[in-house]
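Note that the chains are named A, B, C, D, E and F in the order they appear, and that numbering of residues resets to 1 at the start of each chain.
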Amino acid sequence: MKILLANPNATQAITEACRELAHRAASPGTEVIAWTNREGPPIVNSFYADYAAGRALSLALPRVAPPPDAVVLAGFGNYGTAAVKEVMEVPVVNIAEAALAFALPFCHRFAVVTAPARMVPYTQDLIALLGVAGRCAAVHAVNLPPLDEAEPSPGSALTAIVTAVERVIAENGADLVVLGGARLSPYAARLRDRVGVPIVEPVACGVQLAEAAVRLRLRQSKAVKFAAPPGLREGGDTWR
Amino acid sequence: MKILLANPNATQAITEACRELAHRAASPGTEVIAWTNREGPPIVNSFYADYAAGRALSLALPRVAPPPDAVVLAGFGNYGTAAVKEVMEVPVVNIAEAALAFALPFCHRFAVVTAPARMVPYTQDLIALLGVAGRCAAVHAVNLPPLDEAEPSPGSALTAIVTAVERVIAENGADLVVLGGARLSPYAARLRDRVGVPIVEPVACGVQLAEAAVRLRLRQSKAVKFAAPPGLREGGDTWR
Amino acid sequence: MKILLANPNATQAITEACRELAHRAASPGTEVIAWTNREGPPIVNSFYADYAAGRALSLALPRVAPPPDAVVLAGFGNYGTAAVKEVMEVPVVNIAEAALAFALPFCHRFAVVTAPARMVPYTQDLIALLGVAGRCAAVHAVNLPPLDEAEPSPGSALTAIVTAVERVIAENGADLVVLGGARLSPYAARLRDRVGVPIVEPVACGVQLAEAAVRLRLRQSKAVKFAAPPGLREGGDTWR
Amino acid sequence: MKILLANPNATQAITEACRELAHRAASPGTEVIAWTNREGPPIVNSFYADYAAGRALSLALPRVAPPPDAVVLAGFGNYGTAAVKEVMEVPVVNIAEAALAFALPFCHRFAVVTAPARMVPYTQDLIALLGVAGRCAAVHAVNLPPLDEAEPSPGSALTAIVTAVERVIAENGADLVVLGGARLSPYAARLRDRVGVPIVEPVACGVQLAEAAVRLRLRQSKAVKFAAPPGLREGGDTWR
Amino acid sequence: MKILLANPNATQAITEACRELAHRAASPGTEVIAWTNREGPPIVNSFYADYAAGRALSLALPRVAPPPDAVVLAGFGNYGTAAVKEVMEVPVVNIAEAALAFALPFCHRFAVVTAPARMVPYTQDLIALLGVAGRCAAVHAVNLPPLDEAEPSPGSALTAIVTAVERVIAENGADLVVLGGARLSPYAARLRDRVGVPIVEPVACGVQLAEAAVRLRLRQSKAVKFAAPPGLREGGDTWR
Amino acid sequence: MKILLANPNATQAITEACRELAHRAASPGTEVIAWTNREGPPIVNSFYADYAAGRALSLALPRVAPPPDAVVLAGFGNYGTAAVKEVMEVPVVNIAEAALAFALPFCHRFAVVTAPARMVPYTQDLIALLGVAGRCAAVHAVNLPPLDEAEPSPGSALTAIVTAVERVIAENGADLVVLGGARLSPYAARLRDRVGVPIVEPVACGVQLAEAAVRLRLRQSKAVKFAAPPGLREGGDTWR
């Protein structure tokens, strides 16, 4: 099957990092087609960028040809996920949804570690929207430098993330941690060696959930909420 | 004071209808400047249109010159309200937020009547995001013809709305009704003559709340969630 | 318009302080009539005092002549607000309701700072009753000396309040703070110079919300909950 | 032990009916002292009457001499229960609290049947305040004539109540019903013959819970919320 | 009346300790018959042990002859309480349910102290199942040595428990503490001398609630959830 | 990989039906080993049977040799899932958890159809325990004859299920339906031809989630809640 791995932002390096994570998670026979939202923002780090990303995504994804068997939205956020579910006829899975869906059966209470601090309210709203806030022990930010600054030594970033993870375990009672952002996903493997709880890496969850949806012939309900937008034409807005 | 009344969609006739409602609600000394989101969709009747509206709004509003004293977002929905709060330094009020804020002190449980049916889940998500779902008795859709069809006789539309309002009162225990959409607002006055509960018309609430915010020097907290997006330049995206 | 600003307690000095705050918040053309609940307790600092205040208020306010256009209940509490809404035909706004209604559109999560410590559970019950507990980051008490003791130096009280505000921001994730009591309101302006989040002063919100209600012809729903008490006579209880 | 059974309203006939119910529920060795709130309203059928009742109760009960071992507040409502808990040093039990506490272990979801219709919002607020709304299937009103009208034939009232009970079972999934008011309690025994779910009569629960509290030396926590009101003097308000 | 006090685990010493607590709490005329779940686990300290206990309980209790007037399940947990309610025709009361039911009227927010740490999630699930999580300030574990190790000096265990109780009061705002486990119950009296909030000992609550249920002729609703299991035969499973 | 498909009840015919569903859902390379809980009840249709099933499961599954790569618990219920997660070192997935996890990303609000009526409260408790009740529109029972009676004509059963599904869509606003029980799963394909919303069949979801967990090296957190029971020996209870 063909899965379109859609990076909601325009940064090619993030697409590549996600492609790598997705590739490792994909089953034999699954072709992962990494796609960059070129009209989107360089990173989704605000509601402003969220809308920029979602507008571009919901315009561009229906035009991808040939259509994939499923779409994985490879950003830990909202950025128009419901809009994409409306405009697409194939299953659409957001990696945040996938990560939280996969976390629920395997924990008492999960925590999400994210960056930067301004994404904490954004992430809390997302978790509430998904209806799983009752299982969320905490959303905690870790300080990482902006993307366009020199990367700190990997060791110091890892130390910062480990500290955040240990804090949500000890102080908030989390027994599973979800990595809430593309900045954090690459640290998943090293984190697993350092902490005693499952670390959920969302890109891999997204790929697995998309594969499962295709196999189960399951997609977003087109009955009401995710029905095609009124009057949408092939190729874009009806009103243009 | 100058209040920018921003219609999130591109339909001039709706802007005019909102302007009329706003004008009647404004205090002496308040200048209401009606503004149409020309780059937005003709109506926000899907998540797809929501993102189209929000993207255009968050690009265009910061460029309005001279800047108003406050912005009223004149659509009953989300359409990037948080993004607009990020990009603006003046108070930004969404009429749905305003209507629900004004409803709380005056009812036991409110209902929202909306149209069309597909907006029910959209509206439920909005109410949950605002944190007031515990006070919401029901979101109920009323069938109205699409905007681009011939308008039914006003009497038949009014009858349909009255029926919906009576139902949420009798079956769901609502004792106040919020009109959730531009299609419904013009019926407010006639509804008040027909039903025994307060009818909240959101455009008027938005104007009043914006005036109050200006007088109280209150605006969205710029501390975290609504801080200016990282690197936003005057006039639009930093990344373009 | 004439707004009756009803201090639920019997302390004239508090009435005066509220009158001052209300006066500054009122629009041109609004006449604020400050009123003291002479049969009430000196301060509402317990449920016992809450009932003393509410009983006296709900007896006295209907007898105020000529009737005002709206009533603002100028205490951050409950003290029979629903009873007053029942007995009055004009809009009745409690300043706590008003402050929370105005806080919602402008924050992610609000905190309430109150005094003394015993008012924390009282205030938590109030916030839950209003249905907005999901948006409340914390209710935090600040230690202030009793009213009848010598006032501490204003500087030391301000320092205590600043400390409390900074704590709810840093530890509880609040990005807006509501001043929950007449003891705290006078510090609003100085607080705004010291902390980086909006400070909501409830008396001003109450005045603005009452003005808005009058302009919008909105009042408490008289359909069920706030319908006139069975058999209430003009001038007081039917049963006396 | 001596239990003061305090009728929050001034109607002697209701006191007598409660006394009868309490007497049957009391253990050997328990003396039930029925007490009427002579300064209260004839019935608590509004928030206005609630405050009238609570104010009078919280003034009068501390003066009852000799003090009882426990107080049972014999009305299904709030009417200043927290205020009474503050002013009393002995355990204070409201029959609504008692009924709901006793309902929880014995059902999946309880319903409350009350009268008249205006008490539905009042009762919903009460259940939410007690923190057990998640277990409440419905609050349903039954039409009974006002107290001061001629009583309908007992059979017709019973039929109305049975209909209400059957409705909350069939439509709302309740598997236990609490009788929410003095008007309904006398029908408990006959209801049990007619419907297939437990019927909880609150006065009896109140007596049993008060007895249990005395035996267990349990009373309301005087640590914060129910601590004695600041400066309360023996015999009443400090400020008079 | 005869109350069967059923220890869900197989440890006779715990049965004896519970018998002692129950004996002190029982009213004159109540015969407490202590019973040990000999086929159960030595202690319920895991979900695994919970199911071992519940399976054995639900097989054995219906065979107890002559049947008691009520059953008190003397462990602070779940361990098949609903199953026992199904198989028994007499009232069945779990001491956790009883303790929480008795805590509600006497506090603002309760905390549960339990041991060991792994029982915190177990206890949180239990409190949520009972529908009273909104009143729960915290579940906090105290470190006590395993049952089969040498008991620490009573003084050091008491100190550990006092520390835990003081923490939930100061940090979590609890104003009443429930002792969540057989290891903790014996410290109830000494705790009451040391801390300023009510300490609820569950075994005593269970006895009192069972007595009350018998007197009130109240038992679990047999309408749906707790109806006899389909086809259950006297003496055990139908399928064996 | 080898997945143990554990039927929690002892009915071989149900095991076979589940095996068939699982086989169709499994990926190439996945070996599904169907296993019957021979010491369990014939069906889990009560809390009593739930504990019988869970006790037997948690004793037997650790002894399965060689150990599988993952366990799928093939019943729509609880029956000791947490206990099995404690005793197993490999990922354990309950099909109810899996079905609800897969439902969340694809709907606004899901409904569960179950049978018989007594399983409605059982299922509501399960959904609440999983923390997703906020997304649940309804749990609705469909009348199907007991397993041991003659099966109705498949057409009449299908009609009954279709009626139930249409009801939760029209009256409760569900836009996706989960089949909550082994009796209902075989109708999934025919239902999909009849109704306009996604039908989630849990056995297939369980297989897919288990496969994903193995691929992602994800299992239940062994940190606290699902840590191995204290002192559990290989082969069963430590205390025997």
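Simple rule for what comes next: a residue touches a chain if its C-beta (ideal position, glycine included) is under 8 Å from a C-beta of that chain, and two chains touch if they have at least 3 such contacts.
In this text, all values refer to a predicted model and were calculated from it rather than measured experimentally.
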| item | value |
| --- | --- |
| When chain C is superposed on chain D by its C-alpha atoms, the rotation angle in degrees, nearest 5 | 180 |
| Same or different contact residues where chain E meets its copy chain D, judged by the half mark | same |
| Chain B and chain F: spacing of chain centres that average the CA atoms, whole Å | 43 |
| Euclidean distance of C-alpha centroids - chain A vs chain F, Å | 27 |
| Contacts with two or more other chains, residues of chain C listed in rising order | 108, 120-121, 175, 224-225 |
| Touch list for chain D against partner chain C, complex | 10, 41-42, 45-52, 54-56, 58, 80, 82-83, 85-87, 117-118, 120-122, 125, 128-129, 146, 224-225, 227, 229-230, 232, 237, 239 |
| Touching residues on chain C, where the partner in the complex is chain B | 25, 27-29, 91, 93-94, 97-98, 100-102, 104-108, 130-132, 134-135, 169, 175-176, 196-198, 200-201, 204-205, 208-209, 211-213, 215-216, 218-221, 223-226 |
